[in-house]
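Structure in structure tokens, see below.
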Amino acid sequence: MKFNDAVSGVFFILFALLLFYLTSDYPGLYGQAYGPDLFPRLIAALMGLSGVVLVFKGAREWSVIPGVTMADWMRSPRHVGNFFAVLLALVLYILLSDWLGFIITGSAVLFGLMIRLRGPAYWKSSILIALLTVVVIQFFFGQMLRVPLPWGLLENYAW
Amino acid sequence: MDIMLQAIGLVFDPQVLLVILFSGAFGMFMGAIPGLSATMATALLVPVTFFMPPVPALASIVTATAMAIFAGDLPGALLRIPGTPASAAYTDEAYAMTRKGQAELVLGVGLCSAVIGGLFGALVLTFTAPALAEFALKFSSFEYFWLACLGLTSAAFISTDVPVKGVISLMIGLLIATVGIDPTAGHPRFTFGSVELMGGVNFIPAMIGMFAVAEVLRSVTSTAEPVKVKFGHFGNVFRGVGGVLLRYKKNLLRGSVIGTLVGALPGAGSDIAAWISYAVSKKFSKEPEKFGTGHVEGIVDAGASNNAGLGGTWVPALVFGIPGDSITAIVIGVLYVKGMNPGPTVFLEQPELIYSVFVTFFLANLFMIPLGYVAIKSSTQLLRVPRNVLMPIILMFCIVGTFAINNTVFGVGIMVVLGLVAYVMEENGFPIAPAILGLVLGGLLERSFMTSMIKADGNLLAFFERPIAAVLGIITVMIWFSPLVLRMRRKGASPAGDV
Amino acid sequence: MKRRAILKSAAMAVAAFAAFGAPEARAEWPERPITLIVPWGAGGGTDAVGRIFANLLEQELGTPVNVVNRTGGSGVVGHSAIASAKPDGYTLGVVTVEIAMMHWVGLTDLSYEDYTVIGQVNFDAGGLMVSTDSPYQTAADLIAAIKAEPDGTFKASGTGQGGIWHLGGAGWLLSEGVDPAKVPWVPSEGSAPALKDMVAGGVDYVTSSLAEGRALIEAGKVTPLANMGEERLDIFPDVPTLKEATGSDWTIGVWRVIGGPKGMPDEVVNKLVPALEKAYNSPEYKEFMDGRGFGMQWRPSTEAYEFMKVNDESFGEVMKKAGLAK
């Protein structure tokens, strides 16, 4: 998704204003004129100013570059699906890994993604790769390096 | 000399050598896998080294970090995902070379400059540690403020054709760095009531998200045929490398010196060393217009610099117990556990142990040649693995890598969000590198600025009162204004010059 | 469709595991690995203390004890993780002195009341250090000069704003009848950067524990003026206590406590306290603490809880007077 720079510019101006609002109730620093709000506000000011520059730049190109241009892949359902499959996989991992444990969630996520990207025809090798990756990671990181990857449901089978 | 021989004896023990071999392979792996980094390699080694004798414990950390810093170049060059933050400065450049079919050349050059830089850093560490530490101790918050500014200035040199987008990207990075408890008043900022956000946005999940997740998203939505990477002459990793190194021998030296010095400054480290070296390289290059198009010159500088910095960071750590970067912060803890309390007395009380650390530095860097060769050869094979298999696996490593930073899935959430942000930014022509630089330097910049202001009671002139600060400050200001002056001159020559 | 079939069998496998994995009849604690949360980073002092105890408890209890670092937010993140864990004895943690301070500044609602305390294992008194270049080489000279010179002449550092050594410095000034605002606090990321800044000439004195300044003291860069404990320290026997140096009654120190979330079953606590005490008395622990210059201090469960309570109250009082509390 490509935006005309004027659109991005307006976004950053609004974002800068939001930052000013969010920092408005920060406490001062014992009698000094600046405090924890100084830095975020400096950043916001520079961001807003850059936004203004972008608005001018974008406005000049408005006739050539429309407000929003769809990327090529957005018209292809397969690629849109891929995009969301990656996000979904990550979100599912975040939500489920504590409960199901690393091995189950990890291999499900890996397997699902590979099926999505390579097609169901490759299910055998996908299962194999998913399980192998997860077991190797569990052994190397969980066992040897003691990263506390969650066991979840497999708690009683922990090794 | 006796002590040196004793130290060599300690290191050339079959068991220690075995540890070095294993940790070398471990470091290569950690660096080469996107999502894992040199700092994490060290942190993960802590529990393992906890019950080892001092020499193998320290040898394993030295070796693993040296390898990881180099190995970070591998996925950077091959997949455009830097393996460690220290490679982020020249990832685009290296990837551009890979697309031109020069994958082996860029990695070979990276390897050799890493070895040379590493050996240089080790030499400096061995012979000048106390003197260099003395110099580093003169740096107070004023000097650090200017150093951070110099670092940020390098963003201007890595930025793209639309400078204002580089500025916005930098601001995004700086902004993310402000999340969490603020360094001066202890007030939580942008935490929205979340305890996890109070801890701030850790740099590693952020970097993994912005490079790796964004790249995975780009890869799975790519409608074009994947770029066919041309392979040169296989097995000739070192072909042409000698010529490049000879041509840029000055860059090698410059990168090594800058790397060691920046590394020796507490709080700076290899990442910042690489950025500054790359920027310096472009600034003084005879052909700066080639930078960004797959030009090897900057990689020589920065590749030597980040490995030289590694030796540098041990200087203040050993002499004064002050960490040079996040890796040596962990190392100091390990030193204490091993009964080698950092400080000048350790050179008197247990010199053989300290010298064995130095010996390991040399050994690890020499060892990097064969190990790096194997790593390059095997990782170029990575490109033959179908992307549809590779990308999910990389994603899995990213998840584990971000999880291990603070042992919580919260880091994975940060990674996802910033991955999306970076994806949209790239689509719209906002470069990612300045945002990463902002994240690296944001904390240092704010902390040094605010504490300096408190010390000076708000008097801005104090930033120029101390001699080193004054020199750094004047250099920084001159660099800021030089493009303006240049542009004005150029404009005088060609009135049509609209940039 | 093939894909659906695969998903179905995967789901069934998960369900089967879940059924298998259902908790069996409750066996005696501990029957599985214990997690020990450390609210500070790998390699730090608290991390080392945590790892030593993890190893010793592992031998005592016969089950793995894994250290997990949960850092950030001035310790809030890790302390929250300990307090919010299930109080089943499988999650323990190292609770540090910050728990008696962070609720006063409004960072969290957590206090000592949210923990089951197993035992206190360490205490380190605060200190007072200046650069060897400083014109004031005794605590009495320093405080006299602070009183004589105008506000803001002296700057001090040692921790972040509202951190333990900030409190240490402010409490000392209060005890000498000086308004803490007279000496602006320069926040730092910890003791090491503060000491470095002092040596570089950035601040005038640092109030962290003397053990933290050991390397620089031995390097002749830093002069220790006093320690803020009740007695002189074994590692610096020549350095007077604050009482001896200026007559001030102020004492402060950091401590580390092994504990777990509130509401842990008595049977677990009754097993843990003796195990911890045995670990505390082991030669390994003593050797480590002596090597690092950390102070030994043992208080079992209830005593340690009382100690935390008293600390909490006195800290709150000073923090309010010094304008640090919300």
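Letters A, B and C name the chains as they come in the text, with residue numbers starting at 1 for each one.
In the analysis below, contacts are C-beta pairs under 8 Å (C-beta built on N, C-alpha and C of every residue); 3 or more make two chains touch, one makes a residue touch a chain.
Everything quoted here is computed from the prediction, not taken from an experiment.
> Draw the chains as dots and join the ones that touch; what shape do you get: line, ring, star, complete or other?
Topology of the interface graph: complete, with all chain pairs in contact.
> Determine the chain that sits nearest the middle of the structure, using the mean of its CA atoms as its centre.
Of the chains present, the most centrally placed is B.
> Of all the other chains, whose mean CA position lies farthest from chain A?
That would be chain C.
> With centres defined as the mean C-alpha position, give me the chain A-chain C separation in Å.
35
> With chain centres defined as C-alpha means, what is the inter-centre distance between chain A and chain B in Å?
So the centre of chain A lies 23 Å away from the centre of chain B.
> Quick one: report the Å distance separating chain B from chain C, using the average Cα coordinate of each chain.
Roughly 31 Å separates the two chain centres.
> Check each residue of chain C and list the ones that touch at least two other chains.
67-68, 184
> Check each residue of chain A and list the ones that touch at least two other chains.
As it turns out, chain A has residues touching two or more other chains at 146, 148.
> Going by the contact rule already set, what residues in chain B reach two or more other chains?
47, 184-185, 407, 450, 454
> Residue numbers of chain A touching chain B in their complex, please.
1-3, 5, 8, 12, 19, 22-23, 26-27, 29, 32-36, 38-40, 43-44, 46-47, 50-51, 53-54, 57, 71-73, 76, 79-80, 82-83, 85-87, 89-91, 93-94, 97-98, 106, 109-110, 113-114, 117-118, 129, 133-134, 137, 141, 144-149
> With touch defined as at the start, can you tell me which chain A residues reach chain C in the complex?
Contacts found on chain A: 30, 100, 104, 108, 111, 115, 120, 123, 146, 148, 153-158.
> Spell out the residues on chain B that touch chain A in their complex, using ranges where they run on.
It comes out as residues 44-45, 47-48, 162, 164-165, 167-168, 171-172, 174-175, 178, 182, 184-185, 187, 189-190, 213, 216-217, 220-223, 386, 388-389, 391-393, 395-397, 399-400, 403-404, 407, 409, 412-413, 415-416, 420, 424, 427-428, 446, 449-450, 453-454, 458.
> Touching residues of chain C toward chain B in the complex: what are they?
Residues 41-45, 47-48, 51, 55, 67-74, 76-77, 80-81, 105, 107-108, 152, 155, 160-163, 184-189, 192-193, 195-197, 199-203, 214-216, 218-219, 221, 288, 291-293.
> Chain C touches which residues of chain B in the complex?
Listed in rising order, the residues are 43, 46-47, 50-51, 137-143, 180-181, 183-186, 188, 195-196, 198-200, 202, 266-267, 316, 319-323, 329-334, 336-337, 339, 341-345, 406-408, 447, 450-451, 454-455, 457, 466.
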